[in-house]
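One structure below.
Letters A, B, C and D mark the chains in the order given here, with residues in each chain numbered from 1 onward.
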Amino acid sequence: MTVTLRQMKNMLLGGAASVIAARDELTDIDSRFGDADHGITMEKIMKALGKAVDDSGEECTIRGLLNTISMAVMTINGGSAVPLWTTLFDGLAEGAPDRADMSEEEFRAMFRSGYETLFEISKAKKGDKTMMDALEPAVDALGATTGCLADMMKATARAAEAGAGETVNFAARFGRAKNYGERSIGTPDAGAMSMKYFIQGLSEGLDRDQ
Amino acid sequence: MTVTLRQMKNMLLGGAASVIAARDELTDIDSRFGDADHGITMEKIMKALGKAVDDSGEECTIRGLLNTISMAVMTINGGSAVPLWTTLFDGLAEGAPDRADMSEEEFRAMFRSGYETLFEISKAKKGDKTMMDALEPAVDALGATTGCLADMMKATARAAEAGAGETVNFAARFGRAKNYGERSIGTPDAGAMSMKYFIQGLSEGLDRDQ
Amino acid sequence: MKMKKFLNDPNTLTAEMLEGLALAHGDIVDVLPGNLVVSRTLKDADRVTIVTLGGTGHEPALSGFVGDGMLDIAVAGDVFAAPNPQNCFEAIKLADRGRGVLFLVLNHAGDMLTGNMTMKMCKQAGLNVRKVVTQEDISNAPRSNADDRRGLAGAVPLYHIAAAAAKEGRSLDEVADLAQRYADSMATIAVAVRCATHPASGASFGDLGDEDMEIGMGQHGEGGGGRQPMKTARETIAIMANALVKDIPLRKGDRAFVMVNGSGATTLMEQFILYKDCVRYLEGLGIEVAANMVGEILTVQEQAGFQLNIARWNDEFLRLWNTPARTIAFSK
Amino acid sequence: MKMKKFLNDPNTLTAEMLEGLALAHGDIVDVLPGNLVVSRTLKDADRVTIVTLGGTGHEPALSGFVGDGMLDIAVAGDVFAAPNPQNCFEAIKLADRGRGVLFLVLNHAGDMLTGNMTMKMCKQAGLNVRKVVTQEDISNAPRSNADDRRGLAGAVPLYHIAAAAAKEGRSLDEVADLAQRYADSMATIAVAVRCATHPASGASFGDLGDEDMEIGMGQHGEGGGGRQPMKTARETIAIMANALVKDIPLRKGDRAFVMVNGSGATTLMEQFILYKDCVRYLEGLGIEVAANMVGEILTVQEQAGFQLNIARWNDEFLRLWNTPARTIAFSK
C-alpha cells in the first residue's frame, strides 16, 4: 500500500474543512475557560493550510508540501495554536519522505514524528487536557492498525474522538484553562476538539476522493 | 395675624423633612431625563437648611435666618439645584423683615421676593418644566388667599401640587432634560416635584406645632 | 442588581477621589480645601492664569488637565454636580497673579448658574476675570442658538492652547479672545451605546436597549439625537463627522484637529479604529488632520460610546498646540 | 444580544487599530509590516534595545509603551493572540543596534511558545539576545512555582526601568539581570466584576453574575482565585494588598511601587480611590509608597475590575524610574 501526494492533499483539505465547519463550536468551548478565540485561530490556520495545498502544484514532494504548510502557519498571529500547529507540521515534514508518495510504514512514521516534535515544545501528556489528548491516541491507533488506508484512518479518527471526549473528565494543566484547574472538569478541551475534527477530516477527505 | 420666628423655623424644618423623605423618588425621576442625582442634591441642601435652623438660636431675625440658610446652601456642591435654591433663599431673605416676626403682608411679600429673585437667574416660566412650575402657582395662591396661616399654607401647598403635577404634560425647556425635549412628556419634572414637597412640608411643619 | 463599583461611601466619593489623585500626582498638583486642584506651577506664574469648574465623575476631566501648559486650577464639584460659587470665587482669587484670570465654563445648567454667580462675586471684589463658555455640542441646536448647546470634551484642547498663549505673555483680553475664537471654531457630537450608573445613587440613567445606539447623548447620558441600530465604526463616523463638518463648517483645503474621546467602556482599540476612519473620511473631503487627541479625556463613568470633536485649525492654534505640557492626563 | 462595539470587520481589527495608532502618534512610532510598532528613537539608538511581543485587545498595552525611555519595538499579534515567531525574529533583528537586545515576554501559553521559537531562531542567526519572562500573578501558584504564574501589568514599569538602564550605556547582561531582579521583586493580583466580550467573535468570556467579584482573574478573564460578593474599595484592597505583601514579601520600612491598572470599565474615579486605600493600607504596615501608576495600562476590553501590582523598590529602581520617557500612553 502506498499513500500518494494526491491522497495526502485530499486528507489535508478534508481536515481543514472539518475544522472550519466546527469554528463556532470551538470558540464557544474556548469562551468557557479560555479567551473565546480558538475557532477563530483554527480557521486562520486551516485556511492557510488550504491555500498552501491549493498553491502547491503537482510537482512537490510530501515533505515539501508539509514544510510549506508549516511555514504558512507560522506567519499567522494566533495565540497558542499557531506555534503548536506550526511545530506539528514541522514534525510531520521532518518525518515524511522527500518524494511524491510513501509507504504505509513511512506514513506511520510521519505521524509519529509529528507527535514527537510537538511533544518537545508542548510538554503536555495524556490527561493534561490539551490537544495531545486527541493526537496521542490517534498516533498510537495508527501504529497499531493494518489494512487499507481508509480503514486505518477511520480507526485513527475513532481514537482521536475517544481521546477528545475523555478531556471532559480532566482538569486543565496547560494553556489558559489551567487557571481554572478543577473547575474545567465537565467541559472538553478546545484544542483536543479541534485536533479531533482535524483527524476526522483527514479520514473524510480520503473517502471523498475514492 | 403675625408669623413668628418659631413658626417660620417649624415650616422650614417641615419642608426639609418632606423633601428628604422623597429623596429616592426625586433621584429616580432625575434618572429618566437627567443625571440621577436630584434626590441626593436636595437631601444635601435640606440637611444644610436643617442644620442652619438648628444652630440659629432664639435671637436671630427672620431675614438673618434666611440669609444664614442661603449661605449654607451656597457652600454645597450640587449641580443646578444649589445655585437655584441659594438664590431662592437669598430672595426670601431680601423680602423678609429684619425682625423676629412679620405680618401677613410681609409673609406674602417675602415669598413674592423669593420667586422674583429666583426668576432673574432661572429665566424659566410656567410650562418650561422646571421647579418654577410648582413655585409660581404657589406664590400666586398665597397672594390670593386669606384666612389663618394654616389655611393659607394649605392652599399654597395645593397649588404647588397641582403645578408640579402639570409638568407631566410639558416638554422640558431648561436643565439637562431640555435635551430630551418632547420625549420628556409623560414624566414629571424632578425640580418641580422637590419644590412641591418643600412647600407641602412648610404647611405640615406649621401644623405639627399647633 | 448591585452597583459593581469599587467605592467606600457615597457621601465621600469626590473627597476620596481627590485624595487619591493628590497622592498619585503630588508632583503635578496640590489639592486644597474646597476641592481646588491647583497646579504646582501656579506659584511661580507671571502670566494670565486659567481656572475652570465642573462636576466629578468624568475623570480624567477636569482635574486631570491641571498642570504646566494647561489649567492652573480646576474647581471640582461633586459627582455630576457643579461646585458652589464660593469655591470658584476663592479659586479665582488664588489663581490671580496680577495679570488676570481666564475663567472657562462648559455650558451645562448647573455650571452656568455657578459661573454667573461667581462672576458677580468677582466683579464685586474688583477682580480682573474674563469668562469664556464652551458650547459646542451640535446635537440639540443650530450654531445660531448657542445657548442651547452643551459644552463637551472640546474644552480640553482649548485649555492647552489658551495656556500656551498665556505663557507667551499675552494679555487677558488677548488670551480670552483667542479662547473664544477657539470655542467658535469647533463642534462636538456624542454617541452612546450603553448607559452608566451614578456612583452615589447607583441609579442608571438612560436606557439604550440591546441593539441600539444614540447619537447626541450628552455628558451624563441626556439624549437628544436619534436612536438607531448599532452601525459599524466607519458608518458611525460618516454620520457624525458629516454633521460636524457642516456645522463648523469645514471646507476642502482646511486643516482640522480631531478628538476621539472614549466615554468609559469603549476600548482604546475601538477609538483608534474610529480615529482612523475619521481621518480617512476627512481626507475624502480634502481636509487634512493636523493634530489629534485619542483616548479617555472626559468620561461618563462606565458609559460605552464616544465623543467626536473636530475643530478648524490655523497656524496659530497648531503652533500653540505644539508647545510643552505636563499634566496628569496629557503631556506633550 | 449584539456586540456593542464600534468596529468594521472582525478580520482586520488589529490592522485597523494599528493604522489608527500610527496616524495618531506618528511622531512617536512607526508601524511596519508584520505588526511591528517601532519607536522613532530606535534608529539613533547606540545602546541595548528592548523588544516585547503580545496580543492586541489590551490597549494601551503593549504598543502604547513604545517610545523614548520604554520599548523600542512591540510586536503585536492579533486579538488576545501572540504574534508569530517569524515577526518576532524580524523585530529583534531590526532592533539590534550592535549592543544586543533584551526580549521581554509575559508568561502566557501562546506568548511563551512564540518566545521560545523566536529564541531558537535568534540563536541560529547568532543574534545577541537575552529573554526575560515576567510571571508575577500570585493567584494560581506560589512563588516557588513561577512557571504557573501569568505575566500581568507589572511588565510595564519594568519597560521604563530597563530602558533607563540601557540609556545609561549598560551592557545587555547588566540590563537583563536588572530586568530579572525587577521581575523577581514584584507581584500582581487581579479582580474582575464584569466580563468582557471578544471583539472578533463577540463571545463573552466568564460569567460573574450580578453580585459577585472574582479575585484572581487573568488577562482575559481566566479565573483562578475566589469568587465572592462585591466588597468596598477598602476591603478589596485589604484582601489583595495583603496577599501581595506576603508574596513579595514586603516588610516594615520597605519602599514600594504601587500600580492600580483599570481593566476597562472601572472608572478612573474608582482607581484613584483604590490607590488611596492601598497607600493607606501600606502606611499602616510601615511601608512607604515611593512611586505609582494609576490608570488604564493593560486592559481586557471592557472588563470591569483592576489589577493591583506592588513591587519592592530600591534606590536604583527609583532613580531609573525618575528619568524621562515619552511614549503614547506614558510620559515622564
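Annotations
The rule is simple: a contact is a pair of C-beta atoms (placed from the backbone, for glycine too) under 8 Å apart; a residue touches a chain by one contact, two chains touch by 3 or more.
Just so we're clear, the structure is a prediction, and the values are computed from it rather than from any experiment.
Subunit B and subunit C have centres, each the mean of its CA atoms, that are 33 Å apart.
Each chain gets one centre point, the mean of its Cα atoms, and the points for subunit B and subunit D are 54 Å apart. Among the residues of subunit A, none is in touch with two or more other chains.
Under the contact definition stated at the top, not a single residue of subunit C touches 2 or more other chains. Taken chain by chain, the contacts run in an open path, each chain touching the next and the two ends left apart.
You'll find the chains touch as A-D, B-C, C-D.
Across the interface of their complex, subunit A is touched by residues 10, 14, 35, 55, 76-87, 108-110, 113-114, 116-117, 139-140, 148, 150, 197-198, 200-201, 203-205, 216, 218, 220-224 of subunit D. Here subunit C touches subunit D in the complex through residues 1-2, 4-8, 13, 16-21, 23-24, 56-57, 59-60, 64, 193-194, 199, 210-211, 213, 230, 232-234, 236, 264-277, 279, 289, 292, 294, 296, 299, 301-302, 304, 306, 326, 331, going by the rule given at the top. On subunit A, the positions that touch subunit D within their shared complex are 27-28, 31-37, 39-41, 74-84, 86-87, 121, 174-181, 183.
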